[in-house]
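Structures follow.
Look at the two complexes coming up: chain A is in both, with chain B in one and chain C in the other.
Entry: the complex of A and B
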């Protein structure tokens, strides 16, 4: 078990390092911050000076090695736009994103699992069709559109909820709903198919024929077994939540790392983009690692292979 | 069995409803507690609340698309940052809101042009910074020296690129200071209006001292800067020009245009910038706000590569292109009236507007004649580079231009790219035959723009070379006063005849402004709330 654990942790670290490398190269391929920072028609000498100041005149591998060298010491560079430590900026904004992502995940679980169960036990009947149709609609709805619609309906027309920003619990509702749709749909679908697979199995039939109340059979016997794939999928969804937060935060001016990412990419603020990538990839890889480990605890066959 | 299944279904639905209720109750409860507080105090003494309410602080919220980048006024170049900092710091003088070619004194009481290369400023006495430091002539010198990197061991600050003509600063006495330029500089007052004063010695020990902790003489102090979210400013009761009527000023960062629009509709914010013309009608839909328009200092045009493209090198071809485009229709139909055709690149409210020049009329027959005379009677093919998402309605305008040009046989292939790609292509001077841009000229004087976009030379933004026009521009830029104006009008006449661009229009800027706020937008895109009030 310990060997397995060490192997998985090492794998995760390699994945993170590879990710930082890819982001480092792609960000620089997409353009440079100098032309965006200088006014139109700035002279070549002004340009050269700024390029040197920012250290962008060195070859890419040299820049990357320098970046890693400093990163190991906890220095992720200065934001080119804010001229403040990049990692500090990201960590400052992380709690807001965590709040939004976790609320969305809870909402998705609280609604997705019951909907999935409902569809499974009303398999091929009205309840199933309603849920499946709803799920398909939710899947087809771009979160950008949904967010703006929610703002127009609940923020502008009805005036019930704040339009944007982060001022107390009520301003969390609309962005959390927007962000929860994708995971909700996935959880409902996985729960439904997993339950459909479980309900006709012998142990469920046995429990049912023993005369146990139907509610008990569903909850105690079927659901417990059907939930294992759902737990796995929740771990995977975390990555989707963080990337979905980019769009949702942008729409709702939610002060998290998502909107920071967009602004930093637009400004070619490489150090901040790198810091964000490092943090989010660590979270996602870490979550997947935890899921894998818990899975292997639940199912010893995985550990041995 | 089916009845128990049915019961189970009901149970699941009930759970879902309960969950939904719990969520809404959880959020609702926080709402009710906040509203309950004033409610309960209101029942005990309704008179007390009535008397305290009008005395409450006046708060104004401005929504911008991006965050300010710094609190150091010398280390920035964006309007979004200036809009915040101009409330914390003061300049010597400020552009007049009504007539952008005039100036009003702030830290300076008066100024005179001593000779063509020297301006003398008389300063306000007794002004101090928030940190207690005095403002005087020595301070002005420190600011110029710090900006330009004249202090020992320092580099020029980011804003220095606007001040290249300054040679030195001379302290005459505590309240008199002289700015000397290397050559006669017609734009020196415009430049000085961009320089916000920091205290003497404030960045000597730590060059980044003001990055997050500002210290100015202006009407507000910084309370909170939550990056990418909001900046909160508090009015200074002892501001030397009188305490502002707006007590608290908040600049919120709302990146999404439709969200800013929604916020102004419901009255949560008081000012939004850059309202797209097609959304102008929505701003007032809830009766909370209205659209205000102001002529901008941004001029849209199509740049023509007269250096590399042999067809576009011909004067007749470029004249033909100007005849072929119906600018009037574009400003009316595409820009919904929020643009004004210009004869060249100088609108009527700039210094040195030449009233004798009228925009090229829309005359495609004339255009075809000129093309035939130039040896391309059947037109030609050319590509146009178009930066996306940077300039108001750029895609729509460019498409209309392309359609008009097709009418005279000029087939333009539009190449729309992200602004970063566009900036890189133009910097590297790798452009196809044409590109679309809207040039912002902060000084309301075409001199600087002509120097960069028309005068030949590889450093600038010009794809044009006419030695006679170069000489005219040089002359205009080395003279001040009336001579400067007359020379510029000559340049305008010359580029009207030999056009480096397809001349299009001056943009109008649209703001959403809440009905409770008494404030007018300015042509220079600056949002100045000192002097604004809430009804």
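Entry: the complex of A and C
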């Protein structure tokens, strides 16, 4: 177990190091970052000053090492728009995004797993067909269109719910539903196929033939064994959830890192975008590591392989 | 030819969902082909006629007009053309990179394999949409950049599949036969390995296309995909969000079109995948 743990942690660290290299190289390849970092219409002397300040006259490897040295200390440079450290801006907006993403994930789990179970125990009957049709439609649904339609129906036509900003619980509902559609559909699909594979197995049939109540058999015998692929897919979904949050936040003007990213892109606020990319990627790599470790606890076979 | 027709017929009879999907896809491809005829109404600004509601069959603007007085239906059709071209090109580029990397990696094995697989592991751990947003911002939007960036985020799955297949193929008799006849590595890869890797790459491409269409729409929605004034289903939706209270049709129809397109591609792709890869038949729906 310890060996597996060490290997996975090392792997994650390598991933993050490679990630910083890729971000660094792309940022440098695309031309002089000074042009991106200076506001439009900056003078030539400002330009030279910035080049020296940033150490851009030094060789690339030296620049990279310095960049990493600062990044490890949480220094991603100054935001051009707010004249504040980029890191602080990102951390300030992170709780709002975490609130939205976690609500959506809980929603997706709370709806997706029961729907998957329902489809599996009603395999090739009405309940299954309803759920699989819903999954097919849900997979084709562009989540940003769903968001706009929710705004149109519940915000504009009915006027029941707020459609922009964060003004308490009621303004969380529509963005959370929008962001939850992709994970919900995926979780329902994976739960269904995993349960279909588990239900006919001997240990389930034994439990059933012992005369245990069917509900108990499904919950305690079949579901527990069917959940491992679901846990795995939730780990995969985390990355998509944070990426999806960028678009969802943009639609609902939710004050999280997604909105911050888009505003920073429009203002060409390069250090902030770089900080967002690196911080969220690190979070996702870390979350995937936790998921991997947690299901190796659930299933001892994974550790050994 | 007769055999081909019979094959197609039995395919659609076995997978009726795929037949429905194929009809949708054919209609969209036909729309994409006639799109150049609609260049004038799709691009010509007419300030006098902005945000006109849908007129259906009673006027020239079936789905109404946008904020610059351009015909929405014409812009949607041109948008479908652009979205389909970007998606097809991106999937082709991604598939080509992935298959080449995967075949080389699986055929030679050893350090080349380890290095390339580590690289794909890393890239797959990165939140790709976020990464695409970052790259599009740095490099600047443009259709060619868009295709390249999308391909860059998608080739890894192709590489892994092609590698796994090549690893098995390498051990097969027809490969060792070619090798003992004196065929070069390149020749073996091109004529023995590549044709056998192709079906699974195509199966993968059919499910990948719809994801790529949605990714393109998402990037264009954020203003980082297809640059204006070219329409894309994504950028049309972003205008729809902006005018949601005054002109809801700008959001309703492009979004519904996008959903129908993705649904058609998914249905056709699911059928094709089951057909090309019988192993997946039991596993998937």
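Note that in this section the second predicted complex is superposed on the first by the 259 of 305 C-alpha atoms of A that agree within 3 Å, B and C clash if a C-alpha of one lies under 4 Å from a C-alpha of the other, contacts with A are read in each partner's own complex, and residues count from 1 in each chain.
Rule of thumb we're sticking to: contacts are C-beta pairs under 8 Å (C-beta built on N, C-alpha and C of every residue); 3 or more make two chains touch, one makes a residue touch a chain.
It should be emphasised that the depicted structure is a prediction, and the values quoted were computed from it without experimental measurement.
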| item | value |
| --- | --- |
| Chain B versus chain C as contact partner of A:18, first or second or both or neither | second |
| Partner chain in contact with A:5 - chain B first, chain C second, else both or neither | neither |
| First (chain B), second (chain C), both or neither touched by A:261 | second |
| First, second, both or neither for A:172, with chain B first and chain C second | first |
| Contacts of A:274 with chain B and chain C, given as first, second, both or neither | second |
| First (chain B), second (chain C), both or neither touched by A:151 | both |
| First, second, both or neither for A:250, with chain B first and chain C second | both |
| First (chain B), second (chain C), both or neither touched by A:26 | second |
| Common ground on chain A, meaning residues reached by chain C in one complex and by chain B in the other | 30, 36, 148, 151-152, 156, 250-251, 262, 266 |
| Complex contacts: residues of chain C adjacent to chain A | 118-119, 121-122, 125-131, 133-135, 137-139, 210, 214, 217-218, 221-224, 234, 237, 240-241, 244-245, 248, 251-252, 255-256, 258-260, 262-263, 266-267, 283-285 |
| Chain B-touching residues of chain A, taken from the complex the two chains share | 30-32, 35-44, 46-47, 53, 81-84, 89, 92-93, 107, 110-111, 114-115, 117-118, 121-122, 127, 148, 151-152, 155-156, 159, 162-166, 168-170, 172-173, 208, 213-215, 218, 250-253, 255, 259-260, 262-263, 266, 268 |
| Chain B residues touching chain A - in the complex, by the definition given at the top | 1, 4-5, 7-9, 11-13, 15-16, 19-20, 23, 26-27, 30-31, 34, 66-67, 69-70, 75, 77, 155, 161, 208, 211-212, 226-230, 252-256, 258-259, 262-263, 265-266, 268, 285-286, 419-421, 423-424, 426-427, 437, 439, 452-453, 458-461 |
| Complex contacts: residues of chain A adjacent to chain C | 11-12, 14-15, 18-19, 22-23, 26-27, 30, 36, 132, 135-137, 139-142, 144-145, 148-149, 151-152, 156, 189, 192-193, 239-240, 242-244, 246-247, 250-251, 261-262, 265-266, 270, 273-274, 276-277, 280-281, 284-285, 288 |
